[in-house]
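Look at the two complexes coming up: chain A is in both, with chain B in one and chain C in the other.
Entry: the complex of A and B
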C-alpha cells in the first residue's frame, strides 16, 4: 500500500516505516521528544534492573540477599559446579531443549511455507488456531496434558515435557519463519520450478538456503523457550527434572539461595546472549534479503 | 515429498496414468490448497493431539469424580455444584480476574508510551530498541518473578537498602506477600508482551493521515486523540488480551510473591492436582476459568467492535 513512501524514508526494510513526514516535524517537535526518551530509558531500567539483582548478589559473599554487599566471591559458582543434581538437571534441560528446537522448527518450516506460499482457504482461523497455545494459560495446558497422559497410560518423563514444550514452541517457530519467508522474493522459487526443478529440490536448494537465518533463529529461540519453561515441566516431569524445576525445588531452602542466584545469573546471561543473537540474525536477515533480492 | 520425484519418472507408462498414485498426484497438482494443507498437516496434527484432545479430556474429567486413587467415570455435575456451594472458589475466581485486570491495565499504560516512542521517535537504531524490549520476554519467567521475591522480601533488596541508607529502621512488611506485589510482578513479567502488538499497530499508521490532521489545524494533542489513538486501538486490544488471558491462570507469581492473601485461582487448581488430590475438581475449576475468560473476552470484543462501528 504505502510501499513507495516507506522505501524512501525508512532505514528498517523489514517493517513498513515511512519516516518522511515525521522527520519533517523533527525540528520543532524536539520538546515533545525529550520526555518520551526519558520515559523510554526509565522503562528499560524497569525492565532490566530487577533482573540484574540476581547476578549482583550471586557474587556477594553472604548467605543473605541484602545490602550492604559484603564482598566479592566466586564461591557460589564453585558450589554450582560441584552439585551433581544440578548438573544432571542441566543435562536434562539441554536434551529436552535440543529435541524441542529441532521438532518445532521442523514443524514450523512446513507450516510457515504453507501459510506464506499457498492460497489456503481459512488461513486466518488456522493461524489463530496454531497461535492458541500462546494465550491458553500454561497451567491449563499443563494439567490437560497431565490428565491425558494419565488416561492413556503414558508415564511422565522428559519426553512428556518435550512434547508439551513443542506445543508452545511451534507458534513461535512458525512466526519467525513466516516473517523470514515473507522477506524474500517468491519469484526465486518460481524461477527454480520453471527451470525444471521439482518442488522438493526447489525447497532444498532455494528455499532452505534463503531461509537459514530464520531457521537458525527459530532453533535458538525454541531452545530457549524450552530451556526456561517452568509450568508445563512442573506438571509433566516424572522422576527426571529440568533446570527450572530444580531451581523451584531449591527455593524452599534459604541456605541454597546464593547458589540459586548464581545459577539464575548463568541462565539469564546465556538466554540473553542466545536470544539477542537470534533476534539480530532474524531481523537483520529479513531486511537485507528483501532489499537485496534481485 | 518423495512421491513427486517418483511420479516424475512414470509419465511414459500409459497404464500408470490410471493408478491411484497418479490420480492422487494430479488431484494435488490441480488444487493448490490441497498441497498447502498437506504441508500444514503435521503441525495441525500435533496441535490437535497435544492441545485439543487433552483439553477435551480435561472437560471430560470435570464431569467425573475421584475416589481416593480411582477415577469414577459416571457422569456427574458434583464438581460444578461444589464450585457454587463453596463461596471461596467464586471469590478466588473474581479476585484473580480483578488482579489480572489491574495488571493488564498497568501493563498497557506503561507499554503504550514506549511503543509510541519506538514507532514514531526512534529513527536510528530502531532494531536495537526492538531487541532490547523483546529480549527480557524470552528469558526465564521463573527467574524474573524470583527476582521480585528477592527485591521485595522481608530482608530483601529494598528493605536492606533502605535500612543501610538509614531511611527506615525496621523492614517494611507490606512489600511482599500481598496482591499488590503480585500485580507489580505480573506487570513487569508481561511488559514485553504488550509492547509488540501496540508497536506494530502504531508502525502501520499511514503517516500522511497525521500530516493531514496537522494541515487541517489539529494540535499535536488533538492529532493524537483523533488519529493516532483510534488507529492504534486494535494493537492495544490485542496486547490487552495477550496479557489478560494468561495472567488470570498464573501460578508462579502468586505462589512466589503473593503469600496467603495474594493467591489466585491457578494455585487452587494446582493444589487439586497436588495436596488436595482431587483431579476432577481441579479439572472443573480449570473449565470454569476458561469459560469465564472466554465470556469476558468475547463480550469485550463484541462491545468494542460495536462501539467502533457506531463511530
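Entry: the complex of A and C
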C-alpha cells in the first residue's frame, strides 16, 4: 500500500529526474522482436502439427493415413461409439483416473501443507524424494513395480495401475497445491486458531475455502495424467485394460486405425479443455488470497 | 482490584537451535495496563508475544495468565486474542462475518451475535460496513476490523503485534490516540509490540525495553526517558549525548565526574545511589542544554564551543556544538519560544555557550 505519494519528475529543488527510457517497441512495431516471434511460431508448429494430423485423418474417408484426403466422414466416430471393448476400456480409464485424482490430491494437500507451514528438518531432500517418480524413466518404474507385485503376491488389476499412477501423480498434486498455499498469508490460519477454532476447524473454515481452486486444479491435472498414461498401465494391467492400452492393441489392425485416430482426437480435445480449465481455476483468485493490507 | 501479576512471565526463554531469541525473562503485567514491548528488530519482542498467544511454547520457564499456567495450552484455548501485523482479515468473508468469526462457539444466538457485531462496528467507527467485502477496505479500516474481531470475544488480554506499522504517519498518530482511548474505555489489558519508541511513549502505561532477548528496563515512559538505567536504554529512547568520564567523589549533594569535553561535572540526578568511584558515562538530553550566544555569568556547569551545524524544524531548532576534548559535536535542542526570522549561521566560527542543570546530568554504567 502506498503511504506517501512521491512526486516523480522534477521536484521543488529543480532537479530533473532522469528521462524514462522509451520502450523499444514504440514506433517500431515488431522489428526488434521479429526473430523471436518467428521462432515461437515455428516451435509451436513443430510441436503441434503432428498432433493435429490426428483429428485431420479421423475425418478422412479412407483407412489409409496418407495424402491426398479422400473425403469427409464421421464413420470412424460411429465405429468408435459402437465398439464395446473400447467403451469398456474407456470406463476403466475413467475409474482409475478418478481414483488417482482423489488419492493423489488427498496426499498432495497434506504434503503441501507440511512443506509450506511447518519448520520440517530436511525439507529440501524430502521434496526431492517425493519428486523422484517424475525423473525415473517410466519403463524402469513399471518393471520395478511389477517385480514388487509379484514378490508380495498381489494380482495385477486396475488397482495396481491406480497405485502406480498415484505414485507419479502425487508430485504434480503437491506442486500445484504448494504454489497455491504459498501465496497464502500464514497468519490467516493463526488468526483462526487465535479466535478459538482448533486445527481441523481452521482447515475447514479458512484453508479449504481459500485453497479449493488449487484442489480442483490438482484433481483435474492428476486425472488427466492418469487417463493419458500408458507405460505403467501396460506393465501393471491384469485382465482389465485402460484406454491407452486398448488403443495400442488396435494399432496392428490397419483397418481399425482410423477409429483409433478418432478416439485419439477426442482424447486430445478433452485433455486440452480439462488442463486449460484447471489452469484457469488455479490462477483464479490468486490476487485475493492474502488477508494483509494492500 | 487490579492484579499486579495478571500476566506473569517467569524465567522464560525461547531457543531456536543455538539462538536465544528470548533469554531468561521475568516480569509482571498489571491488569488493565497498556503495556508495550519495545525494541529493535530481532530483540525477541514478537517471540515473547507469540509465546503469550500460544503460537510458540517456551523452551524454559512458565507463563501465567490470571493465575493459570499456560504451558501446553494451545492458542485456541487461551483467554487472549491477537491483532496481527498483517491484520489477517479473512479475504473470503465480508466484514460482518470476519468480526463474528470467533463467536461460533460462544453459545449465543445468531441474533445476539449480530447485535454485538453491530455494536463493535459502532465502537470502531465503521457503522454499516457489515456487508462490505474484505478487498474493499483500506489499511486503516482493516486494522480496526482486526481489532473488533478480537475485542468482540472479550479476551482477558489483547495482544497487538506492530499493528500500526503499515499505516501512513497521520493515520498512525490518529490510531495511536484512538487505541489508547479505546483501551481506557474497555479496560482490557493490552500488550503492544513496537519498534517505534515514540509510539510506545504515546500510548503506554509502562514500557519494557528489550534487546537481544533480554529486558533492559521496565518503567513508565517518563521514567524511561528521564531516568534510564543503562546506556542502551538511554540511547534507544530519544536522542542523548554521552560523555565518558571518571567519578572523583562527592561535593555536598552532587557527585563529581571528570569528563571529556565538559570538564568537571556535577550531578544530582542519581541522588544517594550514585557511584562514588570508577568509570562512568555522563549523559545529557539535547533539550536539557541551554544555548546562548553570549557568555553567561556562571562558574560551573558551563562550556564554550563553536556552532558546527543548525537545523530549523519550525517549533524547535537543533544545534550541533563542537567543544574541545570531544570529537562528536554535542546535540542541543531548543524550543523556538520567540519568533526567529533569521537563520543562524553555523560556520564553525560562531561562539556559543552551553549551560545545564545539575539535576539533568545522568550517570550511566556502560
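Note that in this section the second predicted complex is superposed on the first by the 252 of 294 C-alpha atoms of A that agree within 3 Å, B and C clash if a C-alpha of one lies under 4 Å from a C-alpha of the other, contacts with A are read in each partner's own complex, and residues count from 1 in each chain.
By our rule, a contact is a pair of C-beta atoms (placed from the backbone, for glycine too) under 8 Å apart; a residue touches a chain by one contact, two chains touch by 3 or more.
Bear in mind the structure is a predicted one, so any value in this text is a computation, not a measurement.
Looking at the superposed arrangement, the partner reaching more residues of chain A, out of chain B and chain C, is B. Residue contacts after overlaying the shared chain place A:151 against chain B, while chain C stays out of touching range.
In the superposition on chain A, A:209 makes contact with chain C only, while chain B stays out of contact range. Residue contacts after overlaying the shared chain place A:187 against chain C, while chain B stays out of touching range.
When the two complexes are overlaid on their common chain A, residue A:129 makes contact with chain B while staying clear of chain C. By the touch criterion defined above, A:141 lies against chain B but remains apart from chain C after alignment on the C-alpha atoms of chain A.
Once the two complexes are laid over each other on the shared chain, residue contacts for A:65 go to chain B alone; chain C is not touched. Of the two partner chains, chain B is the only one that A:244 touches; chain C does not reach it.
In the superposition on chain A, A:272 contacts chain B only, with no contact to chain C.
By the document's definition of touching, both partners, chain B and chain C, reach A:198. Overlap of the chain B and chain C contact sets on chain A: residues 1, 198. Those residues of chain A whose C-beta lies close enough to touch chain C in the complex are 1, 3-4, 185, 187-188, 190-198, 205-206, 209-210, 288-294. The part of chain C that touches chain A in the complex is made up of residues 53, 55, 74-76, 80-82, 84-92, 101-102, 104-105, 134-135, 138-139, 142-143, 149-150, 153, 166-169. Remark: chain A residues 1-2, 5, 11-12, 15-23, 25-26, 29, 32-33, 36-37, 39-40, 43-44, 46-48, 50-51, 53-54, 57, 64-68, 107-108, 110-111, 113-115, 117-121, 126, 129-130, 132-141, 143-148, 150-151, 163-164, 166-167, 170, 174, 198-200, 221, 224-225, 228-231, 235, 244, 247-248, 251, 260-261, 264, 267-268, 271-272, 275-276, 279-280, 283-284 touch chain B in the complex. Chain B contributes residues 1-2, 4-5, 8, 32-33, 35-37, 39-40, 42-44, 46-47, 50-51, 53-55, 57-58, 61, 110, 113-114, 116-118, 120-121, 123-124, 126-127, 129-136, 138-144, 146-148, 150-151, 153, 155-157, 159-161, 163-164, 188, 191-192, 203-204, 206-208, 210-211, 214, 220, 241-242, 245-246, 248-252, 256, 266, 269-270, 273, 279, 282-283, 286, 289-290 to its touches with chain A in the complex.
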